[in-house]
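Next come two complexes, and both contain subunit A; in the first it sits with subunit B, in the second with subunit C.
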Partner chain A sequence: MSNHDFQYVGQDFEVPDGRAKVTGEAKYADDYLFDNALQAKTVKSPYAHARVRSIDTSAAEQLSSVKAIITHEDVPDSPIGQPILDGEPKTFGYPVAAVAADDEYAAAAAVEAIDVEWEVLDHVVDPVEALKPGAPNPRSNGNVPTGEAAGESAEGQGGGTAAIDTVKWTDADFSGRYPENPGEYTLKWSWGDVSQGFDRADHIVEDVVTAQPIPTNPMEPRSTGAHWQSNGKVKAWVSSQSMSLTHTGLAGMLGVSPQNLTLINNFTGGGFGSKGTSYPQMGVPAYLSKQINRPVKIRGTRKEEFHWGNGRSTLVSKIRIGVDDDGRITALDIESIADSGAYSNSAMSTLSSAYNCILQCYQPETARLRGIGVFTNTPKRWPMRGPGQNQAGLVISQVADMAAEAAGVDPLDLKITNAAQQETDEFDPETAPKTGNERAPLTSAHLGTAYEQAAEAVNYDELRQRSGTREGSKVYGVGTASASHQSGYIGFDGLVAVHTDGTVEVRQGAGNLGTESFAAVARMVAETLDVPWEQVEVSWGRSDKSSFTLGQFSSNTTFTEGLANVKAAETAAQYLRELAAEELGGTAEAYDVSGGMVSHGESGESLTLAEAAQVAVDTGGKYTAEEIPDFYQENLVPLTIAAAQGVMGNSLVAFGKTTGEDLGGFVTSFAGAIAEVSVDVETGKVRVEEMANWNDSGTIVHPDSYHAQIEGGAIQGIGYALSEHYLHDEDTGIPLNTDLYKNKPPSIQDYSETPLQTGGVGEPDPFGPHGAKGVGEPPYGAAAGAVASAVRDAIGVTFHEFPISPSKVLEKIDSGEADI
Partner chain B sequence: MQQDMIPPLTHVDATSVDDAVATLQEHGTDAATIAGNTDEINWMKNRMRTPEVLVDLKGIDEMRGIESTSDGGVRIGALTTLSNVVDSDAVNAGFSVIADAAGEIATPQIRNQGTIGGNITQDSRCWYYRNGFDCYRAGGNTCYAITGESRDHAVTDYSRCITAHPSDGAVALMALEAEVVIEGPRGTRREPLSDFFVGPEENITVMNDLAHEEILTHIEVPSTWSGASFYYEKVTDRESWDFPIVNIAAAIQTSGGSVSDVRIVSNGLAPTPKRLRNAESAITGQQITESNAASAAGTVLPNAAPQPDNRFKLGLAENLTERALLGAE
Partner chain C sequence: MSSDGTEADSEPPAPEDGGFDSPSRREVIKGAIGGTLIAANAYLFQNIGEASADTDPEAPGVRERVSNQLKLDVNGRTRFVSVEDQERLAETLRYKLGLTGTKFGCDRAMCGACTVQVDGEPIYSCSYFTRDAVGQEITTVEGLEENGELHPLQESFIENLGGQCAYCTPGMIMSGKSLLEENSDPSREEVKEALSGNLCRCGNYEREIESVLSAAENL
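So, the complex of A and B:
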């Protein structure tokens, strides 16, 4: 741990938005009230796949309370993503028309007055089924996204290419868990000679495991207020986890320039990836408002979250592992089918992210990884907390245990032996653990250490001793697993202003998802500028005050937004030194910025930040952004410069821009988890008796938030392994468990009963701001995989499907497969 | 569909049972009743039920509260919240299995709002029925669960519709031979809880025999089982709000070391709370030993006809029966 060198980094602090949240003062999108506002509701498809033949709105138009009606013909189409309204709705519950009325009662009545004539089309909800010859295509133009996967940074939040084709595995035998003799794959990675790797192996194991789909279930359903003014400017109050990407995304969706769109989003009740950028629930009220130039609100409902929201992709993986007698993985061969739902190409990203996670965590000597993404008539599969990576953490943990058993080594030893663990203190791209088809070096990697620290926290040896023992009807088991996530990106902007009252304002651009990483960004600026925390303000929640950055997803805000703003703070410090030299004499280098002062190292002459900022205002030029240096003019996104408008000329203004020079590898955060479970062999009930979830996230910036992220991720991961799922009726394609009590995410009573230890390795990343990486996603996949591994350890049978509900456990026992 | 808005209606606060009955009579099937309103509100928000008049029973004081009766039983007003049932001294003194069952219903918030009357009169939890499928129970002519997702459905005693009864309170009360008191246009009637529930063979669209203009006012638990040994267990997917995959309530009386009387009732197995009579008769007169319990739990569902995805319930019912016999205290 090197946190001891820091003044603020590594210390807990009161987050700037906390009081508003606990007092109820915080306003979420649906809390805003407007004069003269109208309320929107939508007309939805009652079929899993249908085409609108005609829409008769005449009766609704006669209602005096109805002020605007739009149909799919009034909004832009979308080649592959979710259109605002769809003339060929590809899932149950997808909207085809919308109304704005005086109030919500009137809007609901108007929806019922609209008559739609449907042409019902064939549907498919099972991703494997979609590849069968003769099976219907989920979209009229195909069953498979064939474009390039979006980069992991985008995580399907955009990017990628929209291409659709029809691929059927005509020669495959679909009778087993995974199709034999499969057809074409659309993603193919390999290095080394995997067949030689298997030749070198002393033991080979193989199994097929499916990670199930689940909805994202953010606590705040997606509500939006929009006001399209008669002057063409649009203001929108939204629920998002990304300011910059949502701002540009919504501008594109509405066909307005970003400068004409102001986005307000102070608080967000979670998103788990599903609110990374603009979504149709923003477009509906905006296009209705365009017709009448009055504010229009749409209140997102819980039911709509299930139908019109997003979910985690199914991942069906056939995994073959070759190991030597020491448990070293000599060959890894995986084939997978992933699900995009109806409205995205993100199955491609699911595959690449899943494979990256497995490569990062298991560092095989040779590998061949193939996969195909398919469409189904189910809600959009969109990033959900470790999208691909956490499915990977779940599907591989039991198969890795099979390999350990075959080799006669302890499963934890196998996982540590193969884990990404750097051999040198300094970053060395040659010897660093690698990832991806390009074999990119990881900037830092301490998964082995994370496992070892988790093992110490739970006394792994003791749990291993208890493994398989029985107490009444309960059998104990211990499991291990890991997950990882790319968690740092460059190419983004930072903006720091020093006001003439001495306040340092960080105009950062992350959203306020609830993770508090936006506050950690300001904390890192305080560290860099060595300015008293009380003097630091972080602004958030308005597009016109936000520098451009990636969204608050992909576990990346701390690194990405932190680095851009730390660079801005470094520039601000340099400006302060130059200004002090100008004012007090001497060279800029002779001055230090510390304790809220700019002081000469020898004479002790100093300026307060307030005085220095006044000198900046008096001097102007680059110091106040009245002249913007060429580098920033050329490289900053215009929105960042626009976000400086309010402070230009009246404060010291410093920009930050991260570029390729700031990063020499692939930033990856890791989690290693160890779980003990008990399995009641009479009721099938699995209880997590204990878990340690340890993360390699670089320097820990804000311990409270850090541990909260691991706790939340771990609990969500336990729910993924044990209770949560998304169920569609195959005959009708209609989702069945569209309530929280049927869908069964873990809740407070599940949480409070799980003894959970969380921790961090804390080794700094050489490229991270103050050594920080990210934390949000890996604890989830590590927890899910560790629970699956532990259940398998307890009753000696591999679970091929999830969640491991009491019924699945009892079926394994009844069939005699379980070893109890 | 998914409007999440209750259509306009007239909300009537009933002042007495007679008033409520009269209002229901007046409006016929245009009227519906609410008490805790933890469930009806969802039917209305989803616009699957659109009553014009909503008769709110919450203000009827005579239907609330718990009292010990002169003969040693306990009388529970139907409007008593589940939390109050859990905390009731009168219930816990001799009939703690009711509190045990009520304490595992839903969530603390729902137990503070929901009533014991609502818990035993609740509608089917079949996800097809609740999602608007035109199934038998909804007046159609098919059961979607039989060909679809039926893990949570009945394995025995069903007829066309395979819904399983979801109540936790019902199994505990039925194990204690509770009776329900019902007020209607023709006055008061009472019947054993075991007769109150109605299976699909009798009437496929309802779960009990409460007529539209009738009000369940009280539940009366006789002294018969006071102080007996009890057992309650509920198997669920998660700790937070969940309906039973299978639950079980048992009341056991012993005399001279042997079982003199026993009642075992289970939900999640049949469209109505299921008495496990085979196990009851097998253990009666026997000492409760591990082997006797195992033997009594051997064939608790002799007429079971499960679906492929809920066959596991047969073994689960046997395991729970054995646990109930051995664990009752």
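So, the complex of A and C:
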């Protein structure tokens, strides 16, 4: 654990939104009720790929309850991303028109009254199929996104550059699980000489594993309220993980300046990546409202989540690993096909994220990584909790076990041997574990320790002993896996105000997606300013009080938003010292800010924060943001300065800005998981008997939410391995399992027979605020991979496709492949 | 949380429904339109309904007999509300009575976000006709606080971080309440059984179990 002596960081506390969550006071988008609101519904495509020839809205217009109708011609087009309404819908259920009527019944009736004449186009739902010569293109202008992979910082933003091309693998043989003699790849990474790496290897294993696509399925479907006022100002009540990027993204979608758009988003009923920024369900009611200047609401439905929501991308990977006799990976060669769905070019980012995860977790001596992303006529496939990384955690775990078997070493030993584990206490860019094609140094890496602590928690040796034993119809197995995620960025803003009543207000910009990371940001400010927690208030939930930050995805809030606001708090502390020196005499350096006081180190003379804030107000200038220092004027996003309205001039106001000087490497969080499963060889049912899931996420800021994040990630990962999937009918492209009981997110009975064991290494990251890194995503991929690894261990057969449903298990048993 | 002066009105006019994705429901929808239009203004009479409740809470009043209004017992209060034949309790609670703690997660009795108690039994209010609740005690998450004191379950859900995104939390609490009223000392397995009709996509189950177990200790 850290050597720091923290007061607030590392302690549990009552979260600021806890009471509202248990009383029903917490307002989610559809909970805002208006006297004169209209309800929106959409006209959806009944085809997986079609073009609108004409839309006849005349009958709907005759209905007295109908107040506004828009079609795809009334909204901006989107070159690759999801348009608000699409004249060439590329998935089943994508909307082409929308109505606003007095209530949902009337809106539904109006939708029925609208006639669309369709030109049905060819479709494809299987990403491998899309590469076959002669196969239809999922988009009329191509089948493959090209251009730069945007990478992890762009989750929810789509790709780096938008471009589309047609690539067919004309000479490939598609008869096997992965095409032989594949054609062009659009992403190519390599370093070292991989063929020499394989030459050095004592053993080489190879297999093809496909991680399946799944819908994100947050509990709160996508609902929005929007009021486009006649003065051109827009107010929107939305369901988003994020504040800043959703605010600017929606402003762009609506063609208004961010200053003319106010976003209200106090609570969000889950997003898991899929509500990272603005999305079309926000645009529909807004454009309807623009016509009539009345509030318009759209209430998202569960079924819509399956075709108008988004989810996890397919990742088909052919993985070849060379190891020496000690289990050290000398060469890693992976080819992959990833799926963007129809409406993003993010398959490129899926690939880069997947490869970063594998490189971070397995640190191969040489590597060659190639991949191609394709479109399919299925929902947008990006992002979802560890998009790419968690597929990677799943696809590689069994192949790594094969390598361990070949080398005659324990699978856990192989995974620890190759894991990212820094050798020095201090950050050393030379020796630090690396990632990516650029071989960037990881700022901190303790995956080996995480594995070791997880192994101790579950008594790995005992589980290994039980592996393969049978009790009745149950066979036991133990598995191991890891995943990682880039979890910290710089270039964002913080804003802290000290009011004249002594309250410290953190006007942070993180959304409230349920992780309590926004509260952790305030907690870190309290630590930096050493101010009693009772005096700290954190504001959230509306754009006009939010300093600008990255979206609440990529497990980055704790680092990104935390660091920006810790820097603001440091500025505030400096201002407080200067003001005390001004008021009481002496130099600023002679004063300490602690315990809610600004005190002279020798004389003991002091000001309370309230008194010091009053001095700030009396002094004005930079202390109250009436003058904004050049550095901030040049570097802050204008929205951050706007967010200081209301405190400017009447409180001490301090900004923070993170820059390149604040970061010297690639911030990465890790998880290592160990699972024991039982496989019922008569029913095919897999049960997770026990799991330990350990994070390397730097300093633990808020233990309760830290463990909750790991538990939740682990449970979702178990669902990914065992029960969830998107199913699209190949002939029609229609989603087949658009109900929760068919799609099977884990229930309380489904995840583990014994309580999950979670923990953290706790070693501070040298660049993180108080040493913290992000938490939420790696436990998912580690859990999924560990379950797959454990099932393989139990019945001795590799699963190439997921989820590992009872029928898949029984197929392996009936075919004689399983070793039981 | 930031307050917002223009955000909400408590008594919306329009009944709402959803999940009209399935063509098989089209006829149902069309059939519903006429009734909806009649009902759209009926909320104007709600104050009158409540006033009559003050004087004679038990007897069916003139308002009920002539205006399609039902008398409901919600969180210990008598509420008069105009209701469609096909209207589901979650719609009435949310959009007619402003009790938005009860959530729609699926519209199809799959997720449990809409769980409320009817005469002490947990039910999925998204799939329960409001008319069937007449004469019974309806309890929602908003009805648990007594004299400013939170219910022990609410306290323990705060204490144990029982909600992440917390969209499922009101339903979880209502299922937990129903359990504890029958069994004040449940085992972990009994708690899991009682909450098994409530999905939590955040996967916060360990904390939901712990919240119910620790509430049982504090009852």
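The rule is short, and it goes like this: the second predicted complex is superposed on the first by the 811 of 820 C-alpha atoms of A that agree within 3 Å, B and C clash if a C-alpha of one lies under 4 Å from a C-alpha of the other, contacts with A are read in each partner's own complex, and residues count from 1 in each chain.
Keep in mind that, in the parts below, a residue touches a chain if its C-beta (ideal position, glycine included) is under 8 Å from a C-beta of that chain, and two chains touch if they have at least 3 such contacts.
Note that the structure is a prediction, hence the values are computed from the model and not measured.
By the touch criterion defined above, A:Tyr741 reaches both subunit B and subunit C. In the superposition on chain A, contact of A:Glu104 is made with both subunit B and subunit C. Number of subunit A residues touched is higher for C, counting subunit B against subunit C. Within the superposed three-chain model, A:Leu727 lies in touch with subunit B and out of touch with subunit C [touch as defined at top]. When both complexes are overlaid on chain A, the residue A:Val15 reaches subunit C alone and has no touch with subunit B.
Look at A:Thr301: by the touch rule set out above, it reaches both subunit B and subunit C. Within the superposed three-chain model, A:Gln749 lies in touch with subunit B and with subunit C [touch as defined at top]. Legend: residue contacts after superposition of the two complexes on their common chain; A:Gly24 is shown touching subunit C, with no touch to subunit B. Touch criterion met: A:Ser539 reaches subunit C, while subunit B stays clear of it.
In the superposition on chain A, A:Asp814 makes contact with subunit B only, not with subunit C. Comparing the two complexes, residues 41, 44, 93, 104-105, 108-109, 111-112, 299, 301-304, 719, 740-741, 746-749 of subunit A contact subunit B in one case and subunit C in the other.
Subunit C makes touch with subunit A in their complex at residues 1-2, 4, 6-22, 26, 29-30, 32-33, 36-37, 40, 94-95, 98-108, 110-111, 113, 140-142, 144-145, 150, 153-154, 157-170, 173, 192, 195-196, 198-209.
Interface residues of subunit B facing subunit A in the complex, by the touch rule stated above, are 1-5, 7-8, 46-47, 107, 127-128, 131, 133, 144, 147-149, 151, 233, 235-243, 245, 309-312, 315-316, 319-320, 322-323.
Looking at the complex, you find that subunit A touches subunit C at residues 14-28, 30-37, 39, 41, 44, 65, 93, 102-106, 108-109, 111-112, 217-221, 235, 237, 264, 266-272, 299, 301-304, 513-516, 539-542, 545, 704-705, 708, 711-716, 719, 739-741, 745-749, 751, 755-756. Residue ranges on subunit A touching subunit B, taken from their complex, read 41, 44, 46, 93, 104-105, 107-109, 111-112, 299, 301-304, 307, 473, 682-685, 719, 722-723, 727, 729-732, 734, 736-738, 740-742, 744, 746-750, 753, 803, 805-807, 810-811, 813-814.
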